[in-house]
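Please see the structure below; I have some questions.
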Amino acid sequence: MSSIYSEIILDYYRNPRNKGKLDRAQIRAKDTNPLCGDVIEIQMELDGDSKVKDIRFNGMGCAISQASASMLTELVKGKSLDEARKISKEDILSLIGGQLSAVRLKCALLSLKVMKTGLYNYIGSLENAKEELSSL
Amino acid sequence: MQKTVQYNVEKVRQDFPILQRIINGKPFIYLDNAATAQKPRQVIETLDRFYKEYNANIHRGIYKVSEEATAAHEEARAKVARFINARSPNEIVFVRGTTEAINLVAHAWGRKNVGLGDNIMLTEMEHHSNIVPWQLLAKEKGASLKYVGITDQGILERYEFQQHLQSGAKLFAVAHSSNVLGTINPVRELIREAHKTGCCVLVDAAQSVPHMPVDVQDLDCDFLAFSGHKMCGPTGIGVLYAKGNLFDEMVPFHGGGEMISEVHPYESSWKPPPYKFEAGTTNIEGAIGLGAAIDYLSNIGLRKIRLHEREITAYAIDKLSRTKGITIYGPSDPQARGGVVSFNLGDVHPHDMATLLDEDGIAVRSGQHCAQPLHERLGIPATTRASFYLYNTEDEVDRLANSLERVRGIFKL
Amino acid sequence: MQKTVQYNVEKVRQDFPILQRIINGKPFIYLDNAATAQKPRQVIETLDRFYKEYNANIHRGIYKVSEEATAAHEEARAKVARFINARSPNEIVFVRGTTEAINLVAHAWGRKNVGLGDNIMLTEMEHHSNIVPWQLLAKEKGASLKYVGITDQGILERYEFQQHLQSGAKLFAVAHSSNVLGTINPVRELIREAHKTGCCVLVDAAQSVPHMPVDVQDLDCDFLAFSGHKMCGPTGIGVLYAKGNLFDEMVPFHGGGEMISEVHPYESSWKPPPYKFEAGTTNIEGAIGLGAAIDYLSNIGLRKIRLHEREITAYAIDKLSRTKGITIYGPSDPQARGGVVSFNLGDVHPHDMATLLDEDGIAVRSGQHCAQPLHERLGIPATTRASFYLYNTEDEVDRLANSLERVRGIFKL
Amino acid sequence: MSSIYSEIILDYYRNPRNKGKLDRAQIRAKDTNPLCGDVIEIQMELDGDSKVKDIRFNGMGCAISQASASMLTELVKGKSLDEARKISKEDILSLIGGQLSAVRLKCALLSLKVMKTGLYNYIGSLENAKEELSSL
C-alpha cells in the first residue's frame, strides 16, 4: 500500500512555511481537534478590507495537520476574502494527495476550519456558516 | 374485525428464532413484550458480524477496524435521530436504558434547575423508573412531587393536570404509554399546555417508541427516553433525546474518559454533547445492534406495527372479556391504548396465574410491573399482564383464552 | 528467552474469528488490547444462544425462559465473585464498565463520606476515569485532590504516598496496572499502609483483572473496578466489587425499577445490595457474556496468560529498543509491568505512526490514552501504544519492528 | 403437564388453618418476598420455654405462599423449639408436592424462613443462622 506520507508532506512538516505570529492581524482564530489533540491557530493581516496581505499559522500536532496548515497559508496569501471563503475541502485534499480515513480527514481540514471560522467571524456571518464549518 | 392485508405476521415470525421453542411440550407463546422484546435474526447477525469482523474501541482509534466501528456507532446514532425525527444526531445520547436516561436528566438537568420549594409533576401511572429518580432529587433539593390522578378507566385527570400547572411546576415527567394500563396519554397536548407555563416536559417513551411512530418535533417534548431492548435491540442500550441546546446547559453526569475535552490534575473541561454525557467505553455493539433493530422495524413500518398491535389488542380484549370472573384494567377504547392487557381472574393470584400459564408454554408477567403506586390507586395487590408485539397472532390470543379456562377449572371458579 | 511449553498460542488464536481478517492486504495484527480485547467464539456463541433460546427480562418473570435468563445472569455474578475470590456474589454489582463503577463509588460512597477539607489521594498515572469523578466530587464537597508523583521510569513515589497518608486521606484511588506505562503498582502493600491510617482504597483494575490472577481478599481492597470488554467479554458490562457490608452503608446511585423494595408516591425503600445499585433493566446478555469470557480465560488459566504476556512484553521491549531513535516509557523490568509498551520514534507524531502502521495491517493506539496528566508529567504530547493479550505472538512483534523500520525510512530518520 | 395446583393446595389457600394473631406470642416475625410481594407474619406462643403451644400466620400473596404457611403452622404446632428448628426445606416441599421453579420456591419457603427467623431470634442465635436463612 502506498503511503500518504509523501516527500512533500514531510517537507512541509519539517520546514513549515508561514509559521509564526503577526502583530497586526485583524483576523485571529484557534481550534483543536478534540479527537487527537492537534492545535492550529491562524492569524491574517488584511490589505484594506478585502485582501489577505499576510497570513501565519501556529500549532502542534501530526504531520498531516501541520503540513496542510502550512499549505493552506500559501494558498490563501494574496487572495481576496471572497476567494479565501471559497476554498473547499477538496482543494486541501488535492494539495495533500492520497486517501485519508475519516479520523485523519479531521487533521487535514482543521486549518481550513480555523481559517474560515476567523473569516466568517470577521465579516459577521459566523452564525450562518455553522453548517459548513461543522462539515469540516 | 377486518384484517390488515399487507401485514404478514407469519413472515415476521420467521425472523425470530426463539419463537420456535417448545416449552413444557407446547409451542412457546411470548406475551411479555412490555418487559422486553425478542430479537430478530437481523439484529443477532449484526452483533455477530461486529464481533467477528470489526470489534474495536471507538473514537480515538486510528486504524481501519476502529474506524469501521466508530462509523457504525455514529451511523446508529444518526439512525436513532431519524427514527424519532430529531433535528440532529447531537440531540441523541446513548445510555443503558430508559432508567438511566431519566436519572441522567434528574442529575444533570434537575440538580441545576430544581430548587427548594419547586414542584415536579408526575402521574399516578408512572413506572418506578419515572418516580424514584424524582424522589431522590426532590429529597436532595427540598422540592415537592405532585401527582396527576387518573380515572378508574386509567385516563389522566386533565383538570388536576391544569391545577398542578397553575400552581407552578418546573418539570412534568410522564409516560407516553402506560406499561400496565396500556393508556396512551395525549402528550402532544399536555406538552403544549405545560410549555405555556414554562414547564419543561420529559416523556418516558419506553412503551411508545417500540410500538408506534414517534416524532419529537411534532410532540415538542424537551426530553424523551426509551430502551433498546424493548424494540428488538440488545439490553444495555437506550436513548436520551434532548431538544436543541438543552444538553449544552446541563452539568456532566458520569465523569471519565471520552466525555472530556481536557483533563488537568485539578480541573477539566468537557466535550460538546452528546459526548459530554457518554463517559468511558460505551455499549458499542449495543448501539450498533439498536441501529439494526431500527432498520428492521422501519422496514416493516411503524404504522403497520401499530395497526397490527391495535387489532390484536382489540381482539384480545374482546376475547378475554368473555372469560367468566375476569377484570381487565385500562381504557376500553383500543384506539386509546397500546398492546398491553392487564387483568385479574377471580381470586387467582397473578403469580399463580403466571405459573399456570407457563405450564401451557405461555409467558406473561405478573406482579406490580414496577408500578406500585398505580396498583395502590387501583386498590389491587397485583395484576397479570399480557403484552403484544409485531410477531403475536390472534391464534396465540385464542390459546391464552383457552388456558384461562383451564385455570378456572383448576381453581373451580 | 525460554518458551512456556504448555501455552499453545496458535490454538488460542483459532478461537478468535477476527484474527483471520486481512487489512490493507496484510494479516490483521491487533495490538490495541488495552483499549478493548477481541472476543472468542465461545463468548460470541453464548450471546447468540441467549438471543435464540432464552432472551427474557430477569428477576420477576415467572415463566421458564425468564427463569433460565435469571439463573444464567446470577450464575454470571457468582462466576465473577469466584474469579476475583470475593466472599459472596452480593459483593458484586454489575455496571457498564470501570468508568461507571468509579462514578458509582464517587456518588454513593463519596457523597456520604467525603466532606469539606477532606483529601482524596490519586496518582499521576491515573486514567481520566479515575480522575474526573473525584474532581466532580471534590468540587461539590469542597474536598481536595492529592497526587502521588512518579519517577521518570514510571514508578510511584512511595515517600510522597506516605506523606499524603500522614496528612490524612479519606480515599486512595489507584490503578492496579497503568494503561500507558504498564507499571504494576504494589497495591497490596499500599492498601495495607493506607488501612493503617483508616484510608479507604479503590483499585482501578481495568488493566489487571483481564491479564493476571487478582484476589480481592488477598489485596484487601475496599473497592475494585473493571470492564468486561477488556477481558474478552462484551462492552456495556463491568463490575464494581465492594468489601463486606460497604455496599449496605452506601446511598443509592440510579433510582428506578428493580433496585427498590417498595415504592410509594412520596418515599421508597431499597432492596439489599447488589440489587440496590442495579436500577432498571441491566445489560443481561452482557453479564452472561462476561460469565462466558471468565470461563474462557479460566480454562486457559490466568497464570499462563500472565506468563505469556510477560514473555511477549519482554521480547517486544528487547526488540523495539533496537529501533534507532525510539523512546520506550515505563519500568525497564518486565516483571514489574503488564503487556503495555508505549513509545515515541524521532519526530514522528503518534497519529502519523498509527496511520503508517495501519497501512501494514497493525492496529495500535496513539494519543494520550485518557491519561493527559501523565503525559504532562512525562513532558510529551502523546505516545504510540502497543498492548498485548493472550493471542499475540512474537512473530507479530517482529512485524511491528519491521514496520517501524519502514516508518524510519519514510520519515528519513 | 400436571399442575402443582392440587386440590390440597387450593383447599389450604381458600380455607387457611391457623390464620390470625395471638395476643400472648413470645415469638413474632414478618418478612416479604421482594420478588413477588408475598407477605407472611408468624406468631408463636410457647409452653414454658421449649414447646410451641400455639401458632398463627397472617399474610397475603399467592396460593403457594399462603398454603405452605398454613401447612407449616400445622406442622409446628405442639413441637418443641428444637424440633421446629429442624424442619427443613424438603419437609415443606414434600407437603406441597410437585415441582417448583426457583422463583416459586421462594414463595413456598417464605413462611419457613419467617418462622426460623423468629425462632433463632428468640433463642439468641440469629447471627449464626444467617447462612441457613439466606438459603431459603
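By letter and in written order, the chains are A, B, C and D; residue numbering begins at 1 in each of them.
To be clear about the criterion, a contact is a pair of C-beta atoms (placed from the backbone, for glycine too) under 8 Å apart; a residue touches a chain by one contact, two chains touch by 3 or more.
Keep in mind that this is a model prediction, so the values were computed, not measured.
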Most widely separated chain from chain C, with each centre as the mean of CA atoms: D
Whole-Å separation of chain centres (CA-atom averages), chain C against chain D: 46
Whole-Å separation of chain centres (CA-atom averages), chain A against chain C: 38
Separation of mean Cα positions, chain C and chain B [Å, integer]: 32
Where chain C touches two or more other chains at once, by residue number: 24, 60-62, 64, 351, 355, 366-367
Chain D: positions in contact with at least two other chains: 36, 101, 104
All chain pairs that touch each other: A-B, A-C, B-C, B-D, C-D
For the chain B and chain D complex, residues of the former touching the latter: 24-25, 347-352, 355-356, 359-360, 366-368, 381-382, 410-412
In the complex, chain C residues that touch chain B: 17-18, 21, 23-24, 28, 30, 32, 35-36, 38-39, 43-44, 47-48, 51-57, 60-66, 96-100, 102-103, 106, 124, 127-129, 131-133, 135-136, 145, 147, 227, 229, 234-237, 252, 254-260, 262-268, 279-286, 351, 354-355, 357-358, 362-367, 370, 372-373, 376
Residues of chain D defined as touching chain B within the complex: 1, 3-5, 10, 14, 36-38, 60-64, 101, 104, 107
Residues of chain B touching chain A in the complex: 59-62, 64, 67, 70-71, 261, 271
Parts of chain A lying in touch with chain B, wherever the complex brings them together: 34-36, 101-104
